[in-house]
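Heads up, the next two complexes both have subunit A, just with different partners, subunit B and then subunit C.
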Partner chain A sequence: MVILAQALATGLVFGSLYALLSSGVALQAGVMKIINITHGHVMAFAMYLTWELHRRYAIDPYLSVAVTVPVSFGLGSAIYILFLHTARTRDPLNLVIITLGLTAILESAFLIAYSADLHTLRVASLDRPIVLGPVIVSVAQVFALGLSLLGVAAMYAFLHLTYFGRAIRAAAENEYAARLMGVDTSRVRAISFGLASATAGLVGTLLMPMFHVTPVVGWEFLLWAFVAVVIGGLGSMTGALVGGLLVGLAQSVTGGFFTGHVSAVLLFGLMIAVLLWHPEGLLGERAVR
Partner chain B sequence: MTQRRRGWGAGLLTIAWIVTSLAGPALAQGPVKIGFVFPLTGALALGAVGSKNAAELAVADINAAGGIAALGGSRIEPVFGDSQSDPTTAAREVSNLVNRSNVTAIMDTFPSGITAVSSQAAERERVPFLAAVSYGKVLPERGFKYYFQLQVPAVVAGVYDAEILDFVNKACGGRWKRVGVIHEQTEYGTSFTEIATRKLQEAGYTVTTRIAYDAKSPDLTAQVVRLRESRPDIVLQTSYLPDSILLKETFKRLGLRVPVIESGQKIDPRYVKAVGPAVEGDFTRATWVDSVKGPLQDVARRYSQKYGTPFDSVSALVYQGVWVLKASIEKAKSTDREAVRTALASLKVPADDPHVFYRNWNGIAFDERGVNTTERFLGLQWQDRGWRVVWPTPLAETKPNCTSPLK
Partner chain C sequence: VTATVPAFAWRWVIFLVVAVALPAVFSSRYATTLLVTLAFGVYLGLSWNLLAGLVGEHSLGHGAFVGIGAYTSTLLLVHLAIPPWLGMLGGGILSAVLAVGIGYVTFRSGVTGPYFLMLTVAVSQILLAVTEALDVVGGPRGLTVPFRGDAPWLMQFREPRAYYYLILGLIVVVLVTTEALKRGRSGFAYTALRLDERAAEASGIDVLRYKLLAFGLSGFLAALGGTFYAQYYQYLSAPTLFGLSLSILAMVYPIVGGIHATFGPVVGGIVLFPAAELLKRHAGDIPGLDVLLYGTVLVSVMLLAPGGLAGVAGGFRRARLAAPPSAPAVTETPRRHITP
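And now, the complex of A and B:
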């Protein structure tokens, strides 16, 4: 019982981080119909940035959000404008390969700048345990849970309540019709990529006080975000939220009772089942909604 | 007439070739060539710099001490081959070293994946091959005749974790009977803990739980809660570096305040840097640390002076390895590869030999699989700003600190 309660609590923390990261993958998949492989490495970039800001200027990791999120936004938009825009009409596979190439370049840049070593950022006040009955969580985990759910909610609100958000959804649903209605779809895509990368930036910063950064840290997270998005429904925001939480909870709960292989079998099994019998995802939506 | 002259010439050449090849080893007073196949470029190059430096220092020391006495003081000449961090290239380099440079023996460093392939080439070329660092489980199980390795296989090393745990328990009053086991789930973690767990159960310990986890996981809270709920008195842990750090933090956060015996990753300076003062009281294992008094301490000092970098455990193994090859050539009294192989297979260097640099090893001797079974480990505890040897007793610098490692 204690194990289950604790597994649910930490599963929720990491699930919400996966959900936020997945919402970015879903947004990019919605407007561009591709999976952006660079997404995980943008997260790693934000982790290095958070680490540098703390190391050089002793900036609190949560205050560094003011830098890491806009910079990640800029990085995502730049990736779209400089590379993907020109190739946007080509085969989607070409676009995916471009993002794969960019990922390799980013990874090499991390290796050159920081070597293959792992770097950690620890603040004693954030490591402090909070005891809630049988469950113990750290201050950093509480922050991660709260801020990542807030991030997902903000993204949802932006897409549904603002004019620009509605333009993104319109472009995702039917690009041609959106263009006819006067939506600048190139701008929509650039901003969508920026927004999606901003979610990766926020995840990176929230992760830094409780994990470590290496040049390859992005792969593992991208993989699970991808699984979450497929399970939840490609291009669906609520799907990303549900998928992300499911991945986090499944990893944590199975880890508490079985070996680490079980969660992979379960989640990939579920992903394949979804693709076979419910290809639009568990939430059954087709576009960014 | 022309044809007869040609025939004479060919005959003379053949005779000359037979004579030189028969007399070659006995008359050789030229340098004795030893080949080193190291990943000098590529992904592993950074780690191999220490191997190359250590090999050069060992050769220089041997030559300064009079070279190979049995061959009239012949000097050793190192010939370096670059594996480019790639197994196929490593195998090609082995063949080149034999066929172009005519080396007497070959040594490699790490990783086991490259050693597995390059040692096949050595077997084909019939050249004695000493793996100084690699210790993969399958390497000595292939029935090779020319393969030798300085370290015991990983699976055997698990025995030492059990021995260290038992020693720490007894030194701390012998009241810890319940052992919780946590390990990463690949072959490395599984094989280590399998043998350690069996040894502990034979010694009368109760294994409360055995938890395998994914080392890439960003969170191990649920696993540690399961470990804590099994109420262990002491924990046995096999992990890689990143998850060692994560486990340490999770133990601390969840209040698991029992001693943890860990199988060798914590010796990495990055571990100490990451966990900070919380390292106090941690246990780990190593083949060598520079605080152990003995001949390696002097080598380490000279190495650091010459190359400006610390003498690490890999460099130490390579340094020792060159001296092992030297001893086998002395024993063979020849540079003939077959004779050197036979000498290596029957080599018995006693522990008090000045050229057994590891004071904790039981000399040097290879079993029928080519494994140097004399390798012994040190049990270490972090006490007051450094790793201190606590086991085995003859080499111990201090007694284990039995108070809770997580205050």
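And now, the complex of A and C:
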């Protein structure tokens, strides 16, 4: 029982981080109909940046959000403007290959700059345990949970309450019609890629004080975010939230009792099943044709 | 060049002469192992390209089939003493069944493009997790293939040169398979289903059957490569075989060389592999440099010449041939996913 409660708590923390990362995947899949493979490595970039800022200037990980989030935004927009914009009318697979190539470039850059070693950032005040009944969590985990849920909420609010958010949703639904209505869809895509990468940046910074970074850490997180997006329903922010939480909880609960392999088989299997038999996702409505 | 000899025949002659003569030029043991590595990469690319070049779907889980081939023939060898020459057929059939199974459910439910790509990643990740969890197949320690010295019936040789000619034989098998599928009725079927799937279906082409044929063969041949891998390296580890890097390697040569040319993956390998080796040699063996090169080339090719290097060559040739009365060159337009 105690194990279960502890697993649920850890699962909730990682689940909320997956949810935030997935909201970026969903946004990019919405406006471009592609999976941006670089997404996980943008997160890793933010992790290295957080680590570097802390080591050189002793900047608190949460203050470095002010740097990592805008820098990630710029990185995402730059990826769109420099590499994807000219190729936007081609087969989506071409674009995915471009993001795969960029991922390889980023990964080798990490490897050359930081070697394959594990880098961790530990701050005593953030490692302090908080006892909540049967559950013990660290301060960093509480921050990660709160701020990532706040991030998802902010993304949702931006897309639904602001004029530009509505333009993004319009462009995602029907690019051509949105253009006819006067939406600058190129600008929408550039900013959507920026926003999505900003979520990856925030996830990276929140993750750094409680996890570790390696050049390949982005792959695993990208895969889980993709699984979450497919399970929750592509292109929907609520879907990303529910999918992300589900992935995090399933991982830690099965991990608490079995090995990590069980959760991999379970979640990837669930994802394949959803993709094949209910492609709108568990929450999505049946597509009306 | 006489008019009676078709152009493709010259490519074959040049390829075979150069490929057979290469070990005589690079004869040291070390150079030969490099040739084997190059040839294995080319073989992977060619088997991957059966699906990509003919059907247009990109798999990022090709390692799954290589892994199944490697593990199946090795387990059959270690536990039942079945020689790899037979075991490779077992792995091949298993892989083909998996490929046809994945293809049947995905192609029917309309999972294509980026989603097909990510789904194949998921399949190989499941196999990775299962292999690591099961001690029967070596678990996280991996599997070692017992080496018996020169034992041709066990597909084991002391000389890397023997392995080179073995993988070259396999390369010829995929090349012939690719050419055979591109010719005649099936060739028209693949061109038609790539250009417009619904129109092909309406013209009476059994689209699903042709897609499954290409995917099944791709899986089968990849598994044969897996057995080769097992016998050559004599050590199997789940992350190397089922992990992402092998699957990425399988798609780099074909994409750089050009997926619509039969010899595209060969061209990609011949250009990229020596470049990466030279870079590593002259830049002081910094780990990650080859990946940096592959990534840069991948992005540049996709942006500047999406048809790959073979596509560039084809463009030159078309431009030269189509002098005054320029016939409209038949180029493939990408499948439209959104029709406004």
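Brief remarks on what is shown
Here is the rule we go by: the second predicted complex is superposed on the first by the 284 of 289 C-alpha atoms of A that agree within 3 Å, B and C clash if a C-alpha of one lies under 4 Å from a C-alpha of the other, contacts with A are read in each partner's own complex, and residues count from 1 in each chain.
In this text, a residue touches a chain if its C-beta (ideal position, glycine included) is under 8 Å from a C-beta of that chain, and two chains touch if they have at least 3 such contacts.
Small disclaimer: the values here were computed from a predicted structure and weren't measured.
Touch criterion met: A:10 reaches subunit B, while subunit C stays clear of it. In the overlay built on the shared chain, the residue A:34 is in contact with subunit C alone; subunit B does not reach it. In the overlay built on the shared chain, the residue A:261 is in contact with subunit B and with subunit C. In the superposition on chain A, contact is made by A:253 with subunit B only, not with subunit C.
When the two structures are aligned on the shared chain, A:58 is found in touch with neither subunit B nor subunit C.
Looking at the shared chain after the overlay, A:136 reaches subunit B, while subunit C stays out of its contact range.
Measured by the number of subunit A residues touched, the leading partner among subunit B and subunit C is C.
By the touch criterion defined above, A:127 lies against subunit B but remains apart from subunit C after alignment on the C-alpha atoms of chain A. In the superposition on chain A, A:277 contacts subunit C only, with no contact to subunit B.
Touching of subunit A by both subunit B and subunit C, each in its own complex, is seen for residues 115, 259-261, 264. Listing the residues of subunit A that touch subunit B in their complex gives 2-3, 6-7, 9-11, 13-14, 115, 117-118, 120, 122, 127, 129, 136, 138, 207, 210-212, 214, 220-221, 251-253, 255-257, 259-261, 263-264.
Residues 56, 58, 60, 105-106, 109-111, 113-115, 117-119, 121-123, 125-126, 128-130, 132-133, 244, 248, 251, 255, 286-289, 291-292, 294-299, 302-303, 306, 334-335, 337-338, 340 of subunit C touch subunit A in their complex. Residue ranges of subunit A in contact with subunit C, taken from their complex: 29, 33-35, 83, 86-87, 90-94, 96-98, 100-105, 107-109, 111-112, 115-116, 174-177, 215, 219, 223, 226-227, 230, 259-262, 264-265, 268-269, 271-272, 275-277, 279.
Of all the residues in subunit B, the ones that touch subunit A in their complex are 46, 185, 211-214, 216-223, 225-226, 229, 241-242, 245-246, 249, 252-255, 270, 274, 276.
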